[in-house]
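Down below are the structures I want you to see.
Next come two complexes built around chain A: one with chain B, the other with chain C.
This part shows the complex of A and B:
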């Protein structure tokens, strides 16, 4: 039913999955549930792009959330200072993500693994420091004084996607949820296309053994930069969708807990696997929602989960599932196809 | 002018002491230790408990800091490093795992010891005047301790049998093993030494910043930048880069304002890496997979 070609099978699975998500909205769940689900879908979308760079293209990018913040702050600041609706600033957020990713890629492309980690992490932290220490008065109201970037408090009241007007009263969360589905779909299509492209296989070869691939003449720097920039575009968009649906954007997205949460999603789901981010998000969402009474140890729980998976099952859920599927698939069929 | 130099010297000494610990681990095990900040924090809290809670004299804080860092180093080795050392993707996995470990330690401090900000009870009274300016004894002691640790580490690597073992593992772990060296034990010692040095530097750092659960994060980032510019894994490179960057940061803060210290550091690290991808002093490529 799902087709023999693995790429086609992934596309069809994706369509089924997104339709399933859409059906949930039609069942009329509570607004709280829809809001939480939209947030998790956005995180899943971010991790698909991070996974593409870190897991598939093999670039040791740790400061990925800088791209997310670039998109989010673009929407928030344009909305606040120029009254631009998030719909209009979406493309600009994508451009912001692209620019940051392209510059990061240029700066790190010649570097070896650990140097890339340090530089990308340092860029994200520098962004964080500049925002948090930004206390200069930029905008005055009758009672208070706000800085350009909102400082540690972040920015609010810059508008949203206006689903109440578009879809009717009480439909804001449904609209947000549907928008997040579209975002995740877009990100997954890019991820599937890249992973099954000839370059996706070249990356795989490069990850398995760099000297051997170089000896065979595989050079992927240019394509690494393209994948990096493309992931910047989509991560910037994800940041914009986050800002427009949550109606607030602050430096918290650049803090370690957010980084760790998304990293846990990637590792638990299976680094380098196309379906890893979605499986990981489902798993981590279940863990997070069942731990609400245990909130002060939340980050430690993600950390322990991440460590255990990385040590005992480095392939993650997606790796385990695909091995399980291979065991149940009759071998002779594989040969005849 | 002298103010800038004195500030830069003190800052450089702090950077040097915490960066050599990171450089030692990178150079020998080929691992970027993102739990380095947690080692620093552990040292700071160990000293705090020893002096404030148990009432021992201030200098025992340094010993407690070393012990706290070393214990944490041993724990991180036994629970994490030993399990993934020498396995595929070690380079990136160890980064992720140590990052997770540092989160657990911050959570632990927040929930068990408490999130309050406290003063580090480590202080020497008095100042000494040099020309137009004066330096506190405290600053001088700090500089002396930092330089002592950096120098001690260099001597240890060059002139002791443990140092030779560490160098052997760094150069070729398989050959080291074939020559009867227990690689696991050498790695454990490296982690403990590095933890101890980071712990002491944590005591010294927190004397000027106060003690709080995430106090190690900033020094971690600074040490990473110092090590990258000095050439990852090079201890003399790290010491030289520490003073160079401290001077740069201090000048930037005096001339442009406090908030620009860090961005200037960042721009310099990117510039150095674009021009010299192995750092200012790094020549040797170190990879392990």
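This part shows the complex of A and C:
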């Protein structure tokens, strides 16, 4: 039904999935539900790009949220200080994500494994520290004094995507939700395209056998930098969409709970699998929503879930599903060569 | 005849041990050179050094007039030398077709900015190579599901898909049955006939070497023990005592006699 070519099958599946998400909006769910769903779709979009870099390209990137923050703060600060609408600052947020990714990529290009983890995490942590320790008065109002980056409190009142005006009263959450669908669609198209492209194959070859890939002319460092930078563009965009839909952006996105939540999405979904981020988000969203009355247990629950998945199903839900699918595939006839 | 590969005074040391010891030899264009020798003689180390996976301690390697001694493995591949591995090094997570598309795309020349799709040249190379080694029917099969023979053929095809001028095969028929060995020999002869490749092969299966090789190089403790014709090898006392042994000699003579019969018949 979905075709034999795996790449086309993934595209078709994606169209069906996005249409399904659209139908949900048409059923008229509550604004709370739409708002939460939009947020999860944005997280899923971020994880598609993180997964592309960490799972597909094999760069042990942990500080991925720095790219997200770069995009988000671009929108927030341009809105606050220059009155720019998030629509106009979207491309600039993409550029910001690209620049941070490119520099981070250059810094870690010659590093391996654990060293990349440390350096990228350090970059994200440095960014966090710079923001939360920023207390110098930059903008004065009648009652208070705000710093340039908003410090630990973050930035608010920098405008939004204006869906109330565009779509009518009470439609803000619907607009946000639809925008998040577009974002996730875009990120998934990029992820699917890259995974099936020569880039994806080169990374796959390296994972399968390093000496064999070298002996066949494959050298991935530059390809890694290209994919890393491309993921920066989309992660910056995701940050912008987050800022414009949540109407607030603060250093919390660089804090450990966010990192743990997104990492759990990636691992539970299946690292390196194109559909992992979506499956992981569905799973983690269910866990998170059912734990709302036990907020203090959230982080420990993610941690336990992560450990259980890593031990029992290191390939995550996507890996498990594809293995299950393989079992039901018609068995190959033994052809002698 | 031109010199395809010129190795001079090559040494590879691991600590105090010289795995390859001051070795010099040449391979002519379109020649098939067999490399033999007991386990630990340094055959695979020699391949690793020539193909750029490890750097030599001393000496020089020249490929078609170009010094490749200090080049990286990927550059050497782009210069036209492709090798296979003793252990089955294919890309297990891909299908047969994806394996060959990938090696054809990246192995032929350096890619600064790969495209998002495989180009038509790679597709053509992939299809032709599949036909050449006889794996066309299995193109959609995951590499991990192949039999030992099919994996060996796929690894050979992966090397051929990079359009090499020199093909280096590390035990291409090790662990195969007599029939399978015959099949591989047939494939290699076809490769040589259709593509005109220079081939260097390491092999313990002496019947395979005697059937294909124009010349033989025997290594012992990393140094040259014998270089010359296949016939001369069985007459060399050093080779017989260090490598073949009495039973090996008998088996080899039997094999050459059988081939002679085949040739005259």
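The definition used in the following text is that the second predicted complex is superposed on the first by the 329 of 337 C-alpha atoms of A that agree within 3 Å, B and C clash if a C-alpha of one lies under 4 Å from a C-alpha of the other, contacts with A are read in each partner's own complex, and residues count from 1 in each chain.
The definition used in the following text is that contacts are C-beta pairs under 8 Å (C-beta built on N, C-alpha and C of every residue); 3 or more make two chains touch, one makes a residue touch a chain.
Keep in mind that what you see is a predicted model, and the values were worked out from it rather than measured.
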First, second, both or neither for A:27, with chain B first and chain C second: neither
First (chain B), second (chain C), both or neither touched by A:198: second
Residues of chain A touched, compared between chain B and chain C (which is higher): B
Which of chain B and chain C A:325 touches, first, second, both or neither: neither
Which superposed partner A:144 touches (first chain B, second chain C, both, neither): neither
Which superposed partner A:121 touches (first chain B, second chain C, both, neither): first
Contact residues common to both interfaces of chain A (with chain B and with chain C): none
Of all residues in chain C, those that touch chain A in their complex: 51-53, 72-74, 77-78, 82-83, 85, 89-94, 98, 101-103, 105-118, 134-135, 137-138, 141, 145, 147, 149-150, 153, 158-159, 162, 183
Residue numbers on chain A that touch chain C, as the complex places them: 193-194, 197-199, 201-202, 204-205, 207-209, 211-219, 222-223, 226, 332, 335, 337
List of chain A residues in touch with chain B within their complex: 54, 60, 62, 107-108, 110-115, 117-119, 121-123, 125-126, 129-130, 133-134, 256-257, 259-260, 263-264, 267, 296-297, 299-300, 302-304, 306-307, 310-311, 314
Parts of chain B lying in touch with chain A, wherever the complex brings them together: 26, 32, 80, 83-84, 88-89, 91-93, 95-97, 99-101, 103-104, 106-108, 110-111, 217, 221, 224-225, 227-228, 232, 258-259, 262-263, 266, 269-270, 273-274, 277, 285, 287
